[in-house]
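Consider the two complexes below, in which chain A is the common component and chain B and chain C are the respective partners.
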Partner chain A sequence: MKKIILLLLALNFVQIIFGAVGCSLNDPDRDVKRIFPNSTGYKTEYISIESRGGKELATKIEVQLHDVLNPKYEALSVDYSYYTILRGKEMIGRIHGVNQKGIFGGMQLILATDLDGKIIDFFIQKISSPHAKKFRNKEFTKQFIGLTIADFDLFHAQKEGKINKLISPSEKYNDDFKSIVRGLNKNLLLLKYFQFEKEISDKNRQ
Partner chain B sequence: MRLLKIAYKNLKRKKIRSLLTIGGVSVAVAVLVSLLGFNSGYQLALNNDVDKMGYQVLVTAKGCPYEAATLMLKGGGGMRYMEENVYNRIVQDERIDQITPQLMTTVYNAGKEGGGGFTMYMGILDSYLVLKPWSKFESGSWFSSEDADEVIIGYEAAELEQREVGDMIFIPGKEQILKVVGIFERTGTQDDGVIFMPLKSTQRIFELPNQITGIGIKLKKLSDLMQFEEDLYDEASIQVISMAQVKGTIMGLISSAQILVTSVAIIAIFVAIVGVINTILMSVFERTQEIGVMKAIGASNLDIFQLIWYETIFICLIGGVLGSVMAVLAGNLVEYFVKALLPYAPAGKLIYIDAKLILSTQIGAVVLGLISGVYPAFRAANMRPIEAIRSGE
Partner chain C sequence: MKKITFLLILFINIIVFADEIIINKELSLVGGYGDNFFTETMHHQNSIGFEYFGKHSNDYGDFLATDLQLRIAHNFEKETTTLEIHNAWLEYKLGLGKFIRLGHFALAFGIEKVKDTHATLWQTNAMKNVGFKQDWGVGYRSFWNNFDYEFAAQIGSGMAFRKDGYLFSSRINTNSTKSLQFAISSLYGKIHKSMGMATYPLSSSMKISKKRIGFELQYEYADFKFMNEIAFGYDNDTEILSGFSEWDYTPFVFQDLKLIVQYKYFDETSNWNFGGAYKLCETITFSTLYELKENRILCQIYFFG
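Up next, the complex of A and B:
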């Protein structure tokens, strides 16, 4: 009976969950197969900062991001979608997205990472800009392949690294380029705290 | 009281069977409660949607009147346009209390949430706010001029695009950049997803000079409505739609679906009644000897009748309560699917379940129990004690 009540309660919140998820893939089946052709399946999780540490975690992220999270659009309760990619029972990578405010509207930045958190693919699912095509261009997005959170840490420490070498596709709307860099930094930080730290603490507990 | 306890214990003796029967009743009740909740909820939501348009009459270009009204309510492409002169002529009418012209247009945005979609832009004058006094600014204010490259965004559109006052928006295809000067508070209507612009700017940017798509009108006296509509029928190239007609037509469209679902609910209730009768009857037959012994040691026909009746009522009452709980808890899920299936779903809650509905459903469940218990109780009460006791030999 307890299980039935929990199920019914869960069903009751379905709409709320659908409404609140920040950045899901438009067509997960297609995107997963495109990025990971040898995958056999994936599982989806929705994780919020609130559920993984709340304000304390938000502060950690803000310190490492060198920026504050927008209280309205990057609220602690916003759920982020995590797609764990599987080949059989083996995990082979992850796909995760974030919303990032751009000059002309919200952008949806989707990253695919390997098990070590290295970017293996990046695409912009949504962007409003007169130069949207330039930002979506593969020549621009492939620059981010191979980056890890360590590259962003170097960048914030004002040391020469890969981030400094990234080329903006639009001088006129360079702020959108900066926003994309910030969004990807946030995305990798969330990955670190939502997935890697959890894996470490799970291992320690075992 | 003693009979009630015995009835309750009897049901517990065959737990699985009792639970399955209760499950059948609760599903039927849940369907019924959801359906009745949808009946009243849809009507309330539609009334709210239409009333929150702020006007009693809508004038649009000739075409299918209900298609036009639905487009105004719901948004979408393929709008028909009419000359702004029509507005200039109608505005002279002394019977009019408030009037506002509007130019609605949509732009396909391939980069929109969910893999592309239409964004609605609506050109308005300040009279729009007079007709909709509930449209308040969450931040910012009205346009700086009648032809400014500025927008005011509905609450949900602003949330989706992460826009704040002072930000820019870009209209794809028109290569136009506009400044956000205001964001409306949530109204619970389709306006929440619209981007508003000054009428003249909309006409210029979308290359629709002197064109509008609709005129919203509120009269000083509601009693003038029919005559006012009559007078406008003479105007060429326009059509007049009263909001009362719109409500009636949409409800008419929905009623055919409601009849279908009501039929399903009636069948579910019928199946539940048969299930209850079957369960109780089986239980009576299995306990023939026991009933015989009870009668032999002094139980009257009425006692046996009451005992069996109480068992039936227990099943229906518990099923009724569980069904109502199921309907309330699964309401959002049902609403989610209903909204996805309906051609036009008003904003707000579509399934409205209140205490009155729940109470009447419980009374209905008890009546159902009383009816379905009559035959098994009658069979049990009329058993002859000796024959009943011997039946097991």
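Up next, the complex of A and C:
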């Protein structure tokens, strides 16, 4: 009986997630070491749209994404993995990924961002495409370094900006390029609502 | 049974103190038609279970991961109900990219390591090659440049808990995020000869000496995926050759569907399997498999979420 009480008490202090995890890193330690060579560790968190605002948050994201979330592949219950990168106890950045439907199947788009949400690295963990090599090429992925959510907002406002200047590595499969841009936009929007808005509301509460 | 109960309570107690917990329920319903529908393997049984995964962290980051995944399976032909432990492990982080694992976990051998077929009709040759996919013991994994490597020292018992065997396995693979991947693995031990045994109740088993070396190649191109494995070695003094090939095709206009063809070769016996899997929704998949040699068709509805 004591064990059951202990178990129930403990369950009150942890974050419990029911359901599958969406896009997580295949090999987080390798990626962390490569992108943040000075890091000493990282902390993993699983966050879903459902747990951070549900339908209301989904609507906000859809409005800013200028597209609807696919109920099968972008369900609100899907958890996204967030890796907070640490040097000692100090936070030095984040790594976070999303799944995105492409022409030939699902893509996994991973971003590393600094503390202000600026992209410092981008790589494609999974892609099904005859031009997969071109999309994975550093020449293509490095174009996204330095972008923030503000650049995507500018793009949707149909103003000249960095997004308009991005060059697709494949004319034939340009729709995959468009999907990557959409996926990264979604990734930064989730970062904004899952991390930055939470930090602001936590500060206000204090 | 006391040992198993003790281990389950220990795992649950450790997991509940995790900082992040993910709980999934799973249900597998299998039906089919053929000359010999029911088999000894656990994959063609109806089962219900759960997975309970936890991450422990402190101010310096994650330091421990825990996983408990078990199910209760029912065999309608024999009218037996068994408890099957799939995962029951703790993984302690020794440093960035260095992990030590303790408990019941996958052998460091073969393509089964990356494919994890515990819940699907589409099996590799792991059950024929070894007799089980996971075992109790200790393991270590890390990476070097573009290679991942791991070693495991286990008790050679599979799901059950028996002491008088041993099993050593190791595997090195190229970066798992690349379209083209290679791996080499080996296995050596004296294990309990079994096929789809349960954690409880225990079945009787005899021991067999196993040696294997395996090579794998995986390639992904557009909407095709190819997985190949060849393994050879000895069961006692008998030479064994095993081959496995799987070709997956996801039609780009209909990405919820995956068409699958398998070719399996083991100890001078070959078999072709045909079928596919259809994702009904985020949590439910419908699969079908036709086994040419047995002239048997199997269907499965699988829920995980």
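Everything that follows uses one rule, which is that the second predicted complex is superposed on the first by the 187 of 206 C-alpha atoms of A that agree within 3 Å, B and C clash if a C-alpha of one lies under 4 Å from a C-alpha of the other, contacts with A are read in each partner's own complex, and residues count from 1 in each chain.
The rule is short, and it goes like this: contacts are C-beta pairs under 8 Å (C-beta built on N, C-alpha and C of every residue); 3 or more make two chains touch, one makes a residue touch a chain.
Nothing here was measured: the structure is a model prediction, and the numbers come from that model.
Peer 1: Counting only touches as set out at the top, which of chain B and chain C does A:89 meet: first, second, both, neither?
Peer 2: Only chain C; A:89 stays clear of chain B.
Peer 1: Which partner chains sit in contact with A:128 here, chain B, chain C, both or neither? Use first/second/both/neither.
Peer 2: both
Peer 1: With the two complexes superposed on chain A, say which partner A:27 touches: chain B (first), chain C (second), both, or neither.
Peer 2: Both partners.
Peer 1: So, does A:99 touch the first partner chain B, the second partner chain C, both, or neither?
Peer 2: first
Peer 1: Check whether A:77 is in contact with chain B, with chain C, with both or with neither, and answer first, second, both or neither.
Peer 2: second
Peer 1: Applying the document's definition of touch, where does A:156 land relative to chain B and chain C: first, second, both, or neither?
Peer 2: neither
Peer 1: More residues of chain A are touched by which chain, chain B or chain C?
Peer 2: C
Peer 1: Share the list of chain A residues that count as touching for chain B in one structure and for chain C in the other.
Peer 2: In the superposed arrangement, which is not itself an observed complex, chain A uses residues 11, 14-16, 18, 26-27, 72-73, 101, 103-106, 126, 128-130, 132 for both chain B and chain C.
Peer 1: With touch defined as at the start, can you tell me which chain A residues reach chain B in the complex?
Peer 2: 8-9, 11-16, 18, 26-27, 70, 72-73, 99, 101-106, 108, 126-130, 132
Peer 1: Which part of chain A faces chain C closely enough to touch in the complex?
Peer 2: 3, 6-7, 10-11, 14-21, 26-27, 29-30, 32-33, 39-46, 71-73, 75, 77-79, 84, 86, 88-89, 101, 103-106, 123, 125-126, 128-130, 132-133
Peer 1: Taking the complex as given, what residues does chain C use to touch chain A?
Peer 2: Result: residues 9, 12-13, 16-24, 54-55, 57, 59-63, 96-97, 143, 148, 175-177, 179, 220-223, 225, 250, 252, 255-256, 279, 281-283, 304-305 of chain C touch chain A.
Peer 1: Quick one: in the complex, what on chain B touches chain A?
Peer 2: On the chain B side, the touching residues are 109, 111-115, 159-164, 167-170, 172, 175, 177, 325-326, 329-333, 335-336.
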